[in-house]
Amino acid sequence: MVAALIAFACVFCAAFAPWVAPHNPFDLATLELSDARLPPAWMEGGNPAFLLGTEDQGRDILSALMYGARISLAVGLTSVALSVLIGVVLGLLAGFLGGWVDAFLMRLCDVMLSFPPILVALLIAGVGRALFPNSQDELAFGVLVLAITLTGWVQYARTVRGSTLVERNKEYVQAARVTGVPPLRIMRRHVLPNVMGPVLVLATIQVATAIIIEATLSFLGVGAPITAPSLGTLIRVGNDYLFSGEWWITVFPGAMLVLIALSVNLLGDWLRDALNPKLR
Amino acid sequence: MAQAVLVMVSVAFIAFMLFQYVGDPVVFLLGQDATPEQIRNLRADLGLDQPVVVQFWHFLVNAAQGEFGISLRQGAKVSRLIAERLPATVELAMVAAVLALLLGIPMGVYAALKRGTFVSQLLMTVSLLGVSLPTFLIGILLILVFAVNLGWFPSFGRGDVVQLGWWSSGLLTAKGWHHIVLPALTLAIFQLTLIMRLVRAEMLEVLRTDYIKFARARGLTNRAVHFGHALKNTLVPVMTITGLQLGGLIAFAIITETVFQWPGMGLLFIQAVTFADVPVMAAYLCLIALIFVVINLVVDLLYFAVDPRLRIERAGAH
Amino acid sequence: MSLLQVKNLVVEFPGRRGTLRALDDVSFDIAPGEILGVVGESGAGKSLTGASIIGLLEPPGRIAGGEILLEGRRIDDLPFAELRKVRGRQIGAIFQDPLTSLNPLYTVGRQLTETIRTHLPVGQAEARERAIQLLRDTGIPAAEQRIDHHPHQFSGGMRQRVVIALALAAEPKLIVADEPTTALDVSIQAQIITLLKRICRERGAAVMLITHDMGVIAETCDRVAVMYAGRVAEIGPVHDVIHRPAHPYTAGLMACIPDMTQDRERLHQIDGAMPRLNAIPAGCAFHPRCDRAFDRCHAQRPDLMPAGTTRAACWLHAGTTGGAS
Amino acid sequence: MSDTTSAQALVRAIDLAKTFDVSAPWLNRVLERRPRQLLRAVDGVSFDIQRGQTLALVGESGCGKSTVARLLVGLYAPTRGGFQFDGQDAHAAFRTPQGRQLRRRIQMIFQDPYASLNPRWRVQDIVAEPLVEHGLLSGGGELRERVGELLQSVGLSPLDAAKFPHQFSGGQRQRISIARALATHPEFLVCDEPTSALDVSVQAQVLNIMKDLQRQQGLTYLFISHNLAVVRHVSDQVGVMYLGRLVELADKHTLFDSPRHPYTRMLLDAIPKIHDTGRARTPVQGEVPNPLDPPAGCAFNPRCPHANERCRVERPVLLDFGGARVACHAVEEGRISG
Amino acid sequence: QTVRIGNQGDALSMDPHSLNESLQLSVTGNVYEGLVARDKDLRLVPALATSWKQTSPTVWRFELRKGVKFHDGKPFTADDVLFSFARAAGEGSDMQSYTNDFKQVRKVGDSAIEIETKTPFPILPDLLALVYIMSKPWAEENQATRPVDRRKGIENAASFRSNGTGPYRLRERQPNVKTSFVRNGSYWGKIEGNVVNVEYTPIGNDATRVAALLSGQVDVIEPVPLQDVARINASGKSKVLQGPELRTIFLGMDQKRDELLYSNVKGKNPFKDKRVRQAFYQAIDINTIQRVVMRGASKPTALMVGPGINGFDAAMNTRLPYDPDAARKLLADAGYPNGFEVGMNCPNDRYVNDGDICQAVAANLAKIGVKVNLQAETKGTYFPKILKRDTSFYLLGWTPGTYDSHNALNALMRCVDDKGSGQFNLGSYCNPKVDELTLKIQSETDKPKRDAMIKEAFKLHADDVGHLPLHQQALAWGVASNVQLVQLADNFMPFRFMSVK
């Protein structure tokens, strides 16, 4: 329960970062390089203005955390939402229509699966950057989201296809068919809501995974822009300072990531219960 | 087989299309003082001035003969480069997989059997940590603690290797084992968590089935019920996922190999990406696809071995 | 002395919204070699009764009161290791679905020998011998070969025979059979019931047969218990319960069954539905559906009382012996 | 059964057949050198149902009863033969735009009251779906009213419309299914084991409602069950199926009083008689054969006490024997008396 | 005595002519030698040539050292020199830039050669230090007469094995894993250090490399990430050797296009206005960058070349003062009182803390109202992009391969043509006077005169604010306490100066 509270507080801060954060870490004009790498306020040399210390450009870690979590969450949630969308639609089609549509889509999944996610993300990110050189930040996010989306949808497609195959043969679907409801509407109104359970569970895990992939892409040099650091970027940057004793640059974002993963999981559990009519 | 080939060709094609955007290898092949003419010549020499489709065709023709062309960066046959690197990655992935299974399955079983106890809840929470920390961070932390501060394990490389034909094995020397511990652990952590959670979920599912209830009703010992009956049935679905994850293991090896300077294919690939070395990248991806296909095949066979329901029925049972 | 005695058994499910009392004060006994039928509406608590006896209540369900005695020894509070020795050895069990009752990954032989060797001090070879004999006894042709087959290679009826063989493997004195034929074909049903009856008689095992099918009960059992909303409504010799039901619920139930011998335009029906466990009315649980209910039924809960040749939990019979509890 | 009435039969199944391809995927088949496997779930079934009458189909599990039902409601297209509804070829009509009209007139009630209602929909929406789908009603108020009426007609309260299926007992759920099926004023209801999953007491409730509705609205039923007692209660005619074929088709009384086909007799014998407590029976031995690999000749011959050489080679066809149509060599040859 | 070296990268090949890159040449330079060499202060010293002189403006004569033997025992001859120069100039070689101006190389007797150049060539010997000499017979025996033929992927013996005259022999080569060297017992000269075996391992990841040093798995690492310097020094087991490097880091601006590619200023190019360039210059707080980002390990510079390069003049090395107010004013004067927006390209894995420098610069510029859209990316995509001049504002570093200012002038400051002038002048800065001077400098043989011309060209460039020089980054090598070595400003790491206690 306490964990849930802390976790949701984190997410809240992330969502409303511009209003709660003490500084704006994305506004380069406010950065003072001379404030760089200050330790947390309670340590020797800390500055009370920067509660959790600063990173290597003088950004306030606390504010950067909030803004970064916002980006990470945005990237995580959008990409997961998109992959859910793609995956669910394709999975439904494959499962419901069967035949060559199914065969084709499942081969496509095989192909996608044989690209490890990081690789696909790496490639897409590379391609995206090449296609939109000197892209604005938003575009960079677009590319990131796309990269993570394209790696993520396969799982949903497979899951949904599996459950669709089961649901399709349930009697309530047949009842709708007997009534003459067209297949697409059956899929949308009958099958879809009943296959979303596992999808949601998967999605909550995937949000965390998406954030990690984003961080890993940062590690490999194709992540979010460094002027608007995401959690992943912060961790990656902080990573360089682990040996030099400036642990706070990476530890706080890491903890934040764990907290987010935790809260998203809790959210998922709650959502699953909330969406289940039997528990209403 | 046909499907496998199809998958691989599409992988190669997609890869090839994408790589055109990854960068320009020529920039790195020549020193800073190279003249524009030199650059033009080199580009022509490498065939990089040809349309992508033509390049892909050449690649395919080569690939069909088991040749993946020539690394732009290293000027060596890609097949040789990969053959050199393959053993390191495979050994790493295998050790990691074994580690993940050996730790993940018992932990999952424990969490399922002792559901609700403090330890199992702790396991579940800590496991969340395993999936929500990036591999590279875990790797660096392990190095910091075990290599630098405690000095128990080396921080990079493979240690001594023994050549067995073209296969170089680090698993035959004490030093090799010493070196593989940290990277394998790093690589295993994510999978371990996944396997543990999966085993737990499946186990709970199986424990609810009628045949478990019936086994209990027959008065079998707890051990026989949990391990003889429940666990084996749990492993059937776990196998599929694990198979798929093994492919993921090799992918995640990219990061691990980077962090631990493990001379495997992932490192080769990352270096190739940095220098836009298209043939190496394409070959790597094809190989990953191949491994994936093979793993799938093996999993199917294993399925066959474990689950009698899938065996072809002979001698009419009905 | 009776083989099994169930005294005032109470089973509860603690839940978030309070504790659910699923079995309330259930008492009956079974004599050695006797076949007791248990009937009742779905959800009446038949399976729970069976599960309590073999100690397989699923958590969070627990026995909250009463006791269960096997040959005079209490078995409901045994430690796990002791309880395990009772299961299979003293009490065998058969469940509804023969397909899911068998572990699909092991041959039936392995499952049989495993059970035998868990309870009896015999070697592998002898256990196998016994297993084959058991299969033979349950009417499986070519038992020597079939013993090495996997469950999926058997048809539904044969699987149920295997399940019966498994339940009998350690020669228990009591078999709890929870709807052993519901999942089976009409024609196979009769075979299985006949088999069960025969083999228990041969081995002198008592049976608690849980089913919905009054026909099966009528044909097979010596005595029958009718359950309603977690309580025993009526218990008595099978012929009497069927032909002279003392409890209105039993009567209603009998009348619901379509008759093979006479035509009726409408079936008799008991209006309404069995109450949910969390909303059991005060007094007799059946009173809202009972057309013979009177004031006392609304207020006071009846216990089993003698009603002619049977015992029924109904105030209508309070006068017959002149005593209520 | 007289042929004169069959001209006006509302439902006519003519040599209906359905074959499923249950072969392994193409690749596996090639690799493992296995032939294509066909499963004849229904193999030439013909019957008529008069308006306002009930035909019951009985038989063991897997004999093709449900497949017949699905053929009739258009869930499957027949491999062979056809089905005429009110004089028109139904399967041709299902494919045309007018098919919607036909679908309105034919509805189905399913076996499992737990699976046949979408767990995420409210009863209101479930019952209203056919109405909306066929454009019969649209306005919210009107719709709600009609759903209320329908629920009332099956003995539920209009207030139940706001609940979810899981809040109902099995019998109540089955009533919701019936309400849904009745929404479009169908003429023909296919009921696939509507009470098999229910308790006797609940079963009585459902059967009574079905009978009441038939009386009030002149519904025609195809009633599928393996419970002969139930069948005897609801039907006018009974068809006995074995392995995809009709082996006996007769008027209810004829069939129950003087069953001819050995399989019918076996089924009747298998019913435990509630009034003969303690009677010992010797049930027919043997098990249902594998439909993938049906026995040659009469499919019942391995279990039949009267089987002879002819039964093992030649397939019997349905022949008329004094009001009953039976497919059995033994009956034809008079080896079994009527 | 063994020294284990962990380096960021690996030599791509052992072939001394296959790539003109300092790491490769640094590694192969232990095995091979040129006619001349550089000492600890980067001054030219005799190597395989004992002396050299200009016999005419276009002819240089080199006396070859006698009695030198290759590792395989064959004697070193003039033929080997001719062969090697031809090989370096030939197909597949990346060393052509060093030999482009040769007209002919002649043998003069058995122990001297003459090089005739197309034009007078004052700095020829400087160029030859990196053109390593191979054995002709060995190359012929091993089919290695040409550097790797990339088209066929034919790697020849020279890629894996080597046969030079240098102080160390190659013992074993596992590309990207480990390369080991052993002391050449029959070296012609004196080897200062006492190291017998050298194991060279590439370790790409910074943290891993540092960990390897700290845990004692390697003895020398290069480079040390600046943030870890303190930690290493504090460890007691190793220390960081820091020193100036020749490479100059600077920013370039697109001064050619009439409208910037990545800016909100439409219809004109602000960078064409010197005031804007100067405003940028003065807005950058290089001292804070030096202190915080570089942790003191850099030398702010006003020149495009650093100390150690021919033509560097310390007197000229004074930056315009950091003055944001002046910068704002300059911007306003130029017509941008509210600043403007511009895209900036930056590598994040090429130079020391390159991404951080760019961020700091962007933050500095933000304070004068210029909004910088920074795109920091890996070198793999960065270089192809900026080399296509697909940039408005970029960061680059340059080490003149010839240790001479002319190289920098030619590559960075000349007007761009398609023959190679201004090849890295990616913002197309163009001042005809600088161009003219550069041409003259190339063939001026009189040193003082030449230096004066270099000085003048640099002055012109500085007055134009053609680029924004930032600093020379410092070298940082991590060295175990028991190892002694010499750090050269060109970042070469000759094993012969290494000793183990």
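The letters A, B, C, D and E name the chains in turn, as written, and every chain counts its residues from 1.
Note that a contact is a pair of C-beta atoms (placed from the backbone, for glycine too) under 8 Å apart; a residue touches a chain by one contact, two chains touch by 3 or more.
The structure presented is a predicted model; accordingly, all values stated were derived computationally and were not measured.
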Farthest-lying chain, centroid of Cα atoms versus that of subunit D: E
Of A-B and B-E, whichever chain pair has more C-beta contact pairs: B-E
Between subunit A and subunit C, centroid-to-centroid distance (C-alpha), Å: 53
Distance between the centres, which are taken as Cα means, of subunit E and subunit D, whole angstrom: 88
Distance from the mean Cα position of subunit E to that of subunit A, given in whole angstrom: 42
Residues of subunit C engaged with two or more neighbouring chains: 155
Junction residues of subunit A - those touching two or more other chains: 126, 130, 220, 239, 242-243
Residues within subunit B bordering two or more other chains: 3, 22-23, 140, 144, 148, 258, 270, 273, 318
For the subunit E and subunit B complex, residues of the former touching the latter: 6, 12-13, 18-21, 94-98, 100, 148, 150-153, 155, 159, 174-178, 201-205, 207-209, 211-212, 214-217, 349, 378-381, 383-384, 387, 398, 401, 407, 411, 418-420, 423-424
Residues of subunit C defined as touching subunit D within the complex: 41-42, 155, 157-158, 185-191, 193-194, 212-216, 218-219, 238-239, 242-243, 252-254, 256-261, 264-271, 273-274
Touch list for subunit E against partner subunit A, complex: 206-207, 210-211, 214, 225, 227-228, 230-231, 261-262, 285, 288-289, 291-293, 343, 345, 348-349, 355-356, 359-360, 362-363, 365-367, 371-378, 381, 385, 390-392
Footprint of subunit E on subunit B - complex, ascending: 22-24, 27-38, 42, 45-47, 69-77, 84, 140, 143-144, 147-148, 151, 154-158, 258-261, 263, 267-268, 270-271, 273-276
Residue ranges of subunit B touching subunit A (in the complex, touch as defined): 3, 6-7, 10-11, 14-15, 18-19, 21-23, 125, 128-129, 131-137, 140-141, 144, 148, 244, 247-248, 250-252, 254-255, 258, 269-270, 273, 285, 288-289, 292-293
